[in-house]
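Per-chain numbering from 1; labels A, B, C and D assigned in written order.
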Amino acid sequence: MAIDNQELIRMYRTMLTIRRFDERASKEFRGGSGTVPGLVHSYIGQEAIATGVCFNLRLDDRIVSNHRGHGHLISKGADVRRMMAEIFGKKTGYCKGKGGSMHIADFGIGILGANGIVAAGLPIATGAALAAHLEGGDKIVAVFFGDGATQEGEFHESMNLASIWKLPIVFVCENNQYGVNTHYKYAVAGGSIPRRAKAYNMPVRSVDGNDVVAVYEGAKEVVARTREHIGPYFLEFKTYRWSMHFESDAIPDMRPKEEIEAWKKKCPIVRFGKKLLKMGVVTEKDLADINDEVMAKIQDAVDYALESPLPAPEDALEDVFSV
Amino acid sequence: MRKITYTQATMEALQEEFRRNDRVISMSNDISVELREEFGEERIRLTPISESAFVGAATGLAGSGFVSVVDLRMATFAFVAMDQMVNQMAKITYMFGGQAKFPVLLRMSIGAGIHMAAQHSISPYSMYMNVPGLKLIVPSTPYDIKGLLKTAVRDPNPVICFEHSALAMVTGEVPEEEYTLPFGKADIKREGQDVTVVALSQMVHEALAVAEAMEKQGVSVEVVDPRTLVPLDSQTIKKSLAKTGRFVVVDEACRTCGAAAEILAQVAEDDEVFRKLKATPQRVCGIDIPIPYSPPMENYAIPDRAKIAAAVNKVLGR
Amino acid sequence: MAIDNQELIRMYRTMLTIRRFDERASKEFRGGSGTVPGLVHSYIGQEAIATGVCFNLRLDDRIVSNHRGHGHLISKGADVRRMMAEIFGKKTGYCKGKGGSMHIADFGIGILGANGIVAAGLPIATGAALAAHLEGGDKIVAVFFGDGATQEGEFHESMNLASIWKLPIVFVCENNQYGVNTHYKYAVAGGSIPRRAKAYNMPVRSVDGNDVVAVYEGAKEVVARTREHIGPYFLEFKTYRWSMHFESDAIPDMRPKEEIEAWKKKCPIVRFGKKLLKMGVVTEKDLADINDEVMAKIQDAVDYALESPLPAPEDALEDVFSV
Amino acid sequence: MRKITYTQATMEALQEEFRRNDRVISMSNDISVELREEFGEERIRLTPISESAFVGAATGLAGSGFVSVVDLRMATFAFVAMDQMVNQMAKITYMFGGQAKFPVLLRMSIGAGIHMAAQHSISPYSMYMNVPGLKLIVPSTPYDIKGLLKTAVRDPNPVICFEHSALAMVTGEVPEEEYTLPFGKADIKREGQDVTVVALSQMVHEALAVAEAMEKQGVSVEVVDPRTLVPLDSQTIKKSLAKTGRFVVVDEACRTCGAAAEILAQVAEDDEVFRKLKATPQRVCGIDIPIPYSPPMENYAIPDRAKIAAAVNKVLGR
């Protein structure tokens, strides 16, 4: 493995940060104490993907995220304090409390925003890739979306447009196999998402989405090629969502219990931790320390969010237009 | 009479109509387990996340002798299928010279208050009101939604039912016996003498609360619920105004070009009503902003009882 | 060839009827005499496709057409009088003058309508196919659309939906190589439409769209298979549009002159006529008689349209809703 | 001053802005040869027939430091991209707390009169007016479109320009020198004392023709062209009304929930204006039907001079 040890540890820490962040955000929401007013779509189980992909990105690369976006944002470098504050609906949040969990953005570090409409980020990302193309250089865009998004017309149009214009964009499909309760083998004719990407004349790579090293290595080559600005690339990661579609019983989880349990055994973080131990990169103590550190960071983010003021009602009147 | 929730009333309406006519077919990417168990997967169809396709398919199915029922969930999701609603479903009865019928019921959730921000919260009925060819209903109670949905399923035209998220758990009296409610017939939810308040959807309940509170202050407020926006029962509204001479319309949707603008315009442009108006007519609407996420701002974005009461007081000159 | 002679002659007559119909409709429009108030998208050059496909359909099969629809309608059996009257904006037209050229329908013979929005007919046709599926039996649907339509999201969603539900529908792509002035090799990533259909797990057949016998034979097998209600089929016909996008100089024709001329040499009607002569199915005299007969029929349609009354202004108020 | 057509004025505006800022990029599936020759294929981009993709791309491009100009052609085609306009472009400035700017100009043709029926003829601006976050302009003359389009390209927000097909060949005076026109500033196209007629887009010309004809009958009509619907200059309208006390609003769009309803509502709900109204305010709008193909019906569907004159006479009590 050509990844340096510090980088491996950073990746582990990022994955764990995502995990602890979403555990806490979900708990706060489920607790019903009103700290988190709106729904949270947990990224738990998929941490390896955002981490492995974004570790290949530079600060000036851009990403576009979807409704299940916390992991993408954290991996790209978003500040967990401002994320938590946003989810808590506070004025200090990334969007001053206007967006909430599904709409966090940080344009300063190339996060062009999460999105509440399935597949709607793809056209926007395609436009960002057009910007990168027009700017020249080797900047790229990565757009994250689920298997469900491949069922929307906006997926089709964006794939086609990015391909004919040879735009520097990586389409990152997180195939967690379900859109809410619908299995992709039911909803995607032919049952193969890569096959579809190929029909747009796009190179495709399918990688185990629960193995962060495989994700990182796969994305590395893809990102390097995309930096040449010779066209888009499609990456499919098979994975699984551990939680319900969102943290509320409004929509029951209809997936087979055994399936959920089986995938939990494939935990990307446990797996990566074991690997790091085996490689001698870390000790059990190191892992425990990282966990403590991450827990403290998340607690700090929660404290920050709790202490932050709510927006005033009239703040709602600002930001409809830019000036 | 027994009381059931808005959601239960909706379910009863669908169950009864699916039992009544086996050519009624439903499509959604989020299906009701209850309906599926009773009517099977051929009739309760699970779709991919492809709203244009299944809304369009609803039209094709309806034009081929079936009745389509589509649940789009959030009204914001419906925008990805806008061509199929606005260019196709609404117009083809007309464009084809009336040679075919397109019985389609589309359902979608509207409204703020769910803390999901602007891409999940909207009350867009006025956008559809500007598109001739669609019937639009905004039931505010369990009784109304049951009766109106049953009528909708039997109507030979596309109907959109806008269901406010906050109403789901609202309970109300619903008879055991079968009934339907006509389109284009407003319901006077509370009789009064001094002011006419026309309110839509969830705002009916807010208006009623205000009316009750004002009663104690000796003010008699009449609350009119149009129940259907297309067709709109302006007669009932005008009749109420002939009595009260004072007009307030309450709508959660954004103010500009909302349904409230239309209702106010119909009142103001009517010679007879205009002559009888004792005060400047008033709108109480959502502010012209996307619905924000955080509750203090979200609550501020839409009308509340204080704002409704203020408008009522204003037209009363108090 | 297994097609009986009478059938061959009927096919020839249908193709010629389409040709003469559109020649005349275009001439009336271009003449500027006001007989044809609205634009006409001429089907000239593509007659073999509608004819060859629709000759495999029964009266109770359904079709959905697009903006370039006259050929589809005539092949499915529409009355040229009522078509012409509609295009002339008359009360006796198929839609009482409300639809015009792009919106002719005849539900009585399974014509579910032409459509002015690119690709919008596909979801509607998919719904009609769902009806056929639910009805049981062996009824099918055929939907006609251009290469340009494959660029729209509605194409994608319909293909996917029809495939997963195994609906009895034939997707008929008339690849005349351009959407207005844009070549499909520019606008369709990868430059292959059949490849895309395959990605939806749909069987595909590509056939020369200027050879009516090939079209007929190809469609025959496809239609027969589709009648089994085991799933959709995709048919691509390569062809060429002779006229401008529509009969008006509002959009100049930017296609290479030589290309247009070369394709005119591949006239599907001349070619079929020669074949029939060579096969001894007809004589030169027969062909001339058919032409006279068709010309008379078109003239009769024009006379009918001319003599028909315009709608009254207030007729506009009817048909917004069905009762 | 030289006279040029509406189309030429549009072209000049775009040429000037493309020269002024090389980060202005255009996308359309039907490109202008003239622009392409001058600015090249990288900036004048030919798209597939994929409106959602290129409208969405316009947003992403704009959010990445460029300025996007999109020609959607017919306003009906825009409905296939409605999600990208209504859920995305209009809302993301707000939802992201104002952290980025999205300078996008979307152009689309509106109106009846082209005999292409309901899937090619519509005037849907009021639908967008109900969606906060979009600026909306409806220029009626070559002078206005040139000045407003230039402002639109420089505006850091999404702007939709609605261009009536019937205006393409209309000529008018346009200065050689560069100028821009502000948003939110109505233009009094003709001064008058007796009646205020607010007219939109192509209807401005019809209203002016009526005003001219009525002048001969001794009636002095003031014609106000709001020019931009969002922001809307209600001050100018109200000031005119303070003078005339008589109000007619003319809009080709369907009556129900059209822009005319909003303008009438703003007039009627204003205490001061309401007090000064000498007659019931009137709307002259398109009938609530899809635009039919055949000219006798098509003409009937939208307002004409006779209908405008009748409304003016009515508010005058004649």
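Things worth noting here:
In the analysis below, a residue touches a chain if its C-beta (ideal position, glycine included) is under 8 Å from a C-beta of that chain, and two chains touch if they have at least 3 such contacts.
A quick note: this is a predicted structure, and the numbers were derived from the prediction, not measured.
Shared contact partners of chain B and chain C, listed by label, are A, D. Listed here as common contacts of chain B and chain D: A, C.
Two chain pairs, A-D and A-B, are weighed by contacting C-beta pairs, with A-D ahead. For the pair chain A and chain D, the distance between C-alpha centroids works out to 40 Å. Distance from the chain A centre to the chain C centre is 46 Å, each centre being the mean of its Cα atoms.
In whole angstrom, the spacing between the mean C-alpha positions of chain C and chain D is 37.
Within chain B, residues 47-48, 50-53, 76, 80, 83, 87, 94-95, 117-119, 132-133, 288-290, 292-293 each touch two or more of the remaining chains. Contacts with at least two other chains are made by residues 95, 97-99, 103, 115-117, 120, 151-154, 157, 160, 164, 186-188, 320 of chain C.
The touch graph of the protein chains shown is complete. Considering their complex, residues 29-30, 33, 46-53, 76-77, 80, 114-120, 287-290, 292-301 of chain D touch chain C. Contact residues of chain A toward chain D in the complex are 62, 64, 93-99, 103, 105-108, 112-113, 115-117, 120, 122-132, 134-135, 153-154, 157-158, 160-161, 164-165, 318-323. The touching residues of chain C, when paired with chain A in their complex, are 151-157, 159-160, 163-164, 186-191, 195-196, 198-202.
On the chain B side of its complex with chain D, the touching residues are 52, 76, 79-80, 82-83, 86-87, 90-91, 94-95, 117-119, 124, 126-127, 129-133, 230, 232, 253-254, 256-262, 264-265, 268-271, 274-275, 280-283, 288-290, 292-293.
Listed in rising order, the residues of chain D touching chain A in the complex are 25, 42, 45, 47-48, 50-66, 68, 83-84, 87-88, 92-102, 132-133, 135, 156-157.
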